[in-house]
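Each structure below appears as structure tokens.
You will see two complexes here that share chain A, one where it goes with chain B and one where it goes with chain C.
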Partner chain A sequence: MSIETFLQTLVFGLFTGGIYGVAAMGLALVFGVLKMLNIAHGELVMLGGYVSFWVFSAFGMDPFVSLAIVIPALFILGLILDRTVYRHIVRLLGEEKIKNSLLVSFGLTLVLQNLAQWLFTADERSIQVAYAGDGLNVFGVLMPYTRLGTLLVALAVTLALNYFLRKTYPGKAILATAEDFEAAELAGINIHRVYMMTFALGAALASIAGTFVTVTYGLSPSIGIIWTLKALIVIVLAGTGSILGAFPAGILLGVVEALSGTFIDPSYREVVGLVIFILVLIVRPQGLFVRNG
Partner chain B sequence: MTQSKTASRFLPIAGILLLIFFAVWYPRYIDKQNVWNLFFLICLQITLGQSWNILGGFGGQTSLGHAAFFGIGALVTRTLWLNGQPFALAFVAGGLTAVTFAMLIGAPTFRLRGAYFAIGTLGVAEVLRITVSQKIPYISTMSGAMIATYDLSPRYHLALGLATVTTGAAYLLLRSPWSLGILALREDEEAAQATGVHVLRHKLLALALSSFFAGLAGGVFAYQQISYYPSAPFSPIWTFDALLITFIGGLGTLSGPVIGAIFFTVVRDKLAVNWVEFHQVIFGVLFILIVLIFPGGLVEAWERLKKIFMNMSLRAR
Partner chain C sequence: MTKFLDIQGVNAAYGDIQTLWDVSLHVNEGEMVGLIGPNGAGKTTLMRLIAGLHKPMSGSVQLADASLHMLPAYEIVKRGVILVPEGRRLFGGLTVLENLELGAYTRRAREARFKTLERVFELFPILAERQKQLANTMSGGQQQMLAIGRAIMGLPKLLMLDEPSLGLAPLIVENIFEIIKLMNDQGVTIFLVEQNARKALELAHRAYILEQGRVVGTGAGKELLGNDEVRQAYLGFAPAAGK
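Now for the complex of A and B:
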């Protein structure tokens, strides 16, 4: 096995991991703040991908530019879903809330997937930009511009989210609600608005991941559940409650998957994530990117 | 008073016997392919729903990967059976393999609270679905000799027997001392632990029963289908069916999954004719509404109606 193959695998693992990271940050944000697990997160990734695809095929707009349309579109869809479905669950407490969110979002997964199949057909689609074949060649390691672009945008999104959550007033309100919603409410934060905005923000992050999926892989109505699963494994890796830890954990999952795909057997790629998930639960259930458990 | 008591004890037994008699007699009387198929599906769905109910309804542990156990049962039974093993052996092996997988995922995730078990089961189901579809991408078909002698009625009777045994097992579980611990988990895990219930052991017991019957249901599916993709029984649709049936009927009740399965399968049969693509959306929305607004399902609706009726008759007196 040459060093170039190793580096090439590593680089592609990084690219994939960036997408995992963005998808997982949205799920971790909703889980950390609303304390409910949205199994339909992957369907938001899928729908975001479709918005990007249709904007590209109707107007020929570059997918990196059309993020300016895709993000607000899914943000609004997030607001609608929160108002119609999730606000009924947010009221519940503790275990009851998690259980109901699992059930309802599992049902929603089916609804959104079948609606997408009905509206967009089951055909596999993808965006082929003019520069899809071009890229950098660094000492024999290929880096397509599309892949580099997704990683750079993913990094920028992570930094922006970090800045938003730690330095701005609404961001601090979100973190305060995540920590203790009763204290936050007493301090004058409108927690229901925080919940609504957080859910919409999670949907917006999912749409960014969806755009990346459409550019680099393919899109079909049934991909949602796979992305939910990746995001779930990543947030368990990062430690539930760690929102920004999801990005490095995503990168880690991407790299490990890519390496095991190349060096063990590509058809067992999916099993690796599950094995990691179980190992982490046994050895370090508080997650890898949390300082104290 | 005593009269009504014996009547209330006798009535359910009579009802069950009548139901089983009808299930044996009716398909034979009509003897049409689609009736056999519909009745077969109902029995399969009763088993799936009831087995989910043992864990999710009685034990309060939400599994989102019931399809994993169903799929493993189907895969193991089909593989052994088509490779010349006797069906009975393959059938039991399928159930036991499903239990083994369930223990592997249950033991680490049940130690932790929250959604870990649900994530774990969902993960196992999806990973198995993807891996099986990559490793065995071709259709599994019965041999020509098997198709030549193919008969639906023994397959249906096996499914009917399994549905009866699963419901019977759920009943016996409720009557056993184990049920107190399992029901206590659902109500309040911490209080159960504080009063000396071995939480992990009870969770694993409920999971073992649940996955065993789901695995056997998979075996029945493998026995009935002439040809199918080996990854098909791993589809999340099967998990969703089990959930929906339990919630339509009544979560945590013995008769809920039976009523739910009959209602769901018959209605879907009618809907699928007219709205092929749309019926999953309708059932998805129905499921969300039941969970949010009416978590008691049909069984609770019936109890409420009965109460209203009894109040009215009391007042009339």
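Now for the complex of A and C:
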């Protein structure tokens, strides 16, 4: 087993982990602020992927450029879903809220998945850009430009989200609502507006992950649930409530999966991820990347 | 004096249990009014109701010309009614400075936030020293100071405090009441719920007594301090012998 194999595996783990991280930050944001689990998060990843795919097929627009269309499109879809569906759930309290959010978002998962199948067929799609085969070769380690692009965009998105949440008033209003929604109301924050914007932001993050999936893997109407599950594992690793911690946790999961796939057995990829998930729940249930630990 | 806050015939319930019965009271502009009563009397419910976290079944809450009972909480804050809630309710995972900044969320307060922040740091120097500290790692007294500081950041016209002295050391309680008095002297109207009835009655111009969701007494603070029933019920005096 060579050092190149190890490094190559590590690098691909990082690439995959970056996608996990972005998908998971969206789910963590919605979970942390609205206190509901959106099972349909993966469907938003899938729909974001399709928007990216159709913009590419129709106009030949580079998927990294078309993010400027994909992100607003899913942001608006997020606003619509919040207004029509989720705002009725977010008003509920405690256990009733989490149960209803699971039921409703699971239902929405089926609706969106079937809608996608009807609109886009079940065929697997992907975006083949002109530079798909090209990349950097650093000491024998291959880094395709598409993969490198996804990781760089993922990093930029994480930094931008961090800046937005910590440094701007609308961002701080989101963090405050996540901490204590009544105290946020008493500070003069319109929390229903915060809920709406947060949900839309979660959808926008999902669409970025969806674009990455379309560029680097493939897209079909049924991929949603896989991404919901990955994102769920990642937010438990990060610690539920840790929004930005989801990014390093995503990277960690990506790397661990890649290494176990190469050095144990490809079929154990998923298993090792889940074993870590269970270990973290047993040993450190508050999560690995909690800010106020 | 004009009535600043005017509550008329308010009935309210938590679930199936009615907690306020036909409550009417008012607070004049510039006044400090206390609200005392045993646990479970509905004091906190009344405070939450004024702040807009809880809606009445009937009755009205007027602030000058605005009907507060028709407004969501954030609109009430915009009108300068700010509640320091029971148990402080800080943003525990955020820093002292972030908590204070969030106190100045409304546009009116945000424009003045740097000036107000200086003022809060003058009132509570410890908050200036601990700006970067996470709120939930501070002591109870410091947290209460932060809760009051956060409320001041919102430029209150009516400052409501729900049990500000609960669980705090006597020295800190003194300090906090001094600040409340100072705020009132500077023109902020104060509405105060206190389990420390003696302290509340000494400070307040007037007070109301709430029992089982009903207003059962009212009067000037000093007057109530001398009232036998009040002394027995809330100030721990035994009934005078032979009476």
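Throughout what follows, the second predicted complex is superposed on the first by the 290 of 293 C-alpha atoms of A that agree within 3 Å, B and C clash if a C-alpha of one lies under 4 Å from a C-alpha of the other, contacts with A are read in each partner's own complex, and residues count from 1 in each chain.
Here is the rule we use: a residue touches a chain if its C-beta (ideal position, glycine included) is under 8 Å from a C-beta of that chain, and two chains touch if they have at least 3 such contacts.
Keep in mind the model is a prediction, meaning the values are calculated, not measured.
Chemist: If you stack the two complexes on chain A, which partner ends up touching A:Ala187: first (chain B), second (chain C), both, or neither?
Modeler: After superposing on A, A:Ala187 lies in contact with chain C but is clear of chain B.
Chemist: Which of the two partners, first being chain B and second being chain C, lies in contact with A:Leu175: first, second, both, or neither?
Modeler: Touch status of A:Leu175: second partner only.
Chemist: Between chain B and chain C, which makes contact with more of the residues in chain A?
Modeler: More residues of chain A are touched by B.
Chemist: Going by the contact rule at the top, pick out the chain A residues touching chain C in the complex.
Modeler: 169, 172-173, 175-176, 179-180, 182-191, 291-292
Chemist: Quick one: in the complex, what on chain B touches chain A?
Modeler: 60, 62, 64, 104-105, 108-109, 111-116, 118-120, 122-124, 126-127, 130-131, 134-135, 189, 236-237, 239-240, 243-244, 247, 277-278, 280-281, 283-285, 287-288, 291-292
Chemist: Quick one: which bits of chain A touch chain B in the complex? Just the residue numbers, please.
Modeler: These residues of chain A touch chain B: 37, 39, 85, 88-89, 95, 98-100, 102-104, 106-111, 114-115, 117-118, 225-226, 228-229, 232-233, 236, 240, 267-268, 270-271, 273-274, 277-278, 281-282, 285.
Chemist: Write out the stretch or stretches of chain C touching chain A in their complex.
Modeler: Residue positions touching the partner: 51-53, 72-74, 77-78, 82-83, 85, 89-94, 98, 101-103, 105-106, 109-110, 134, 136, 150, 154.
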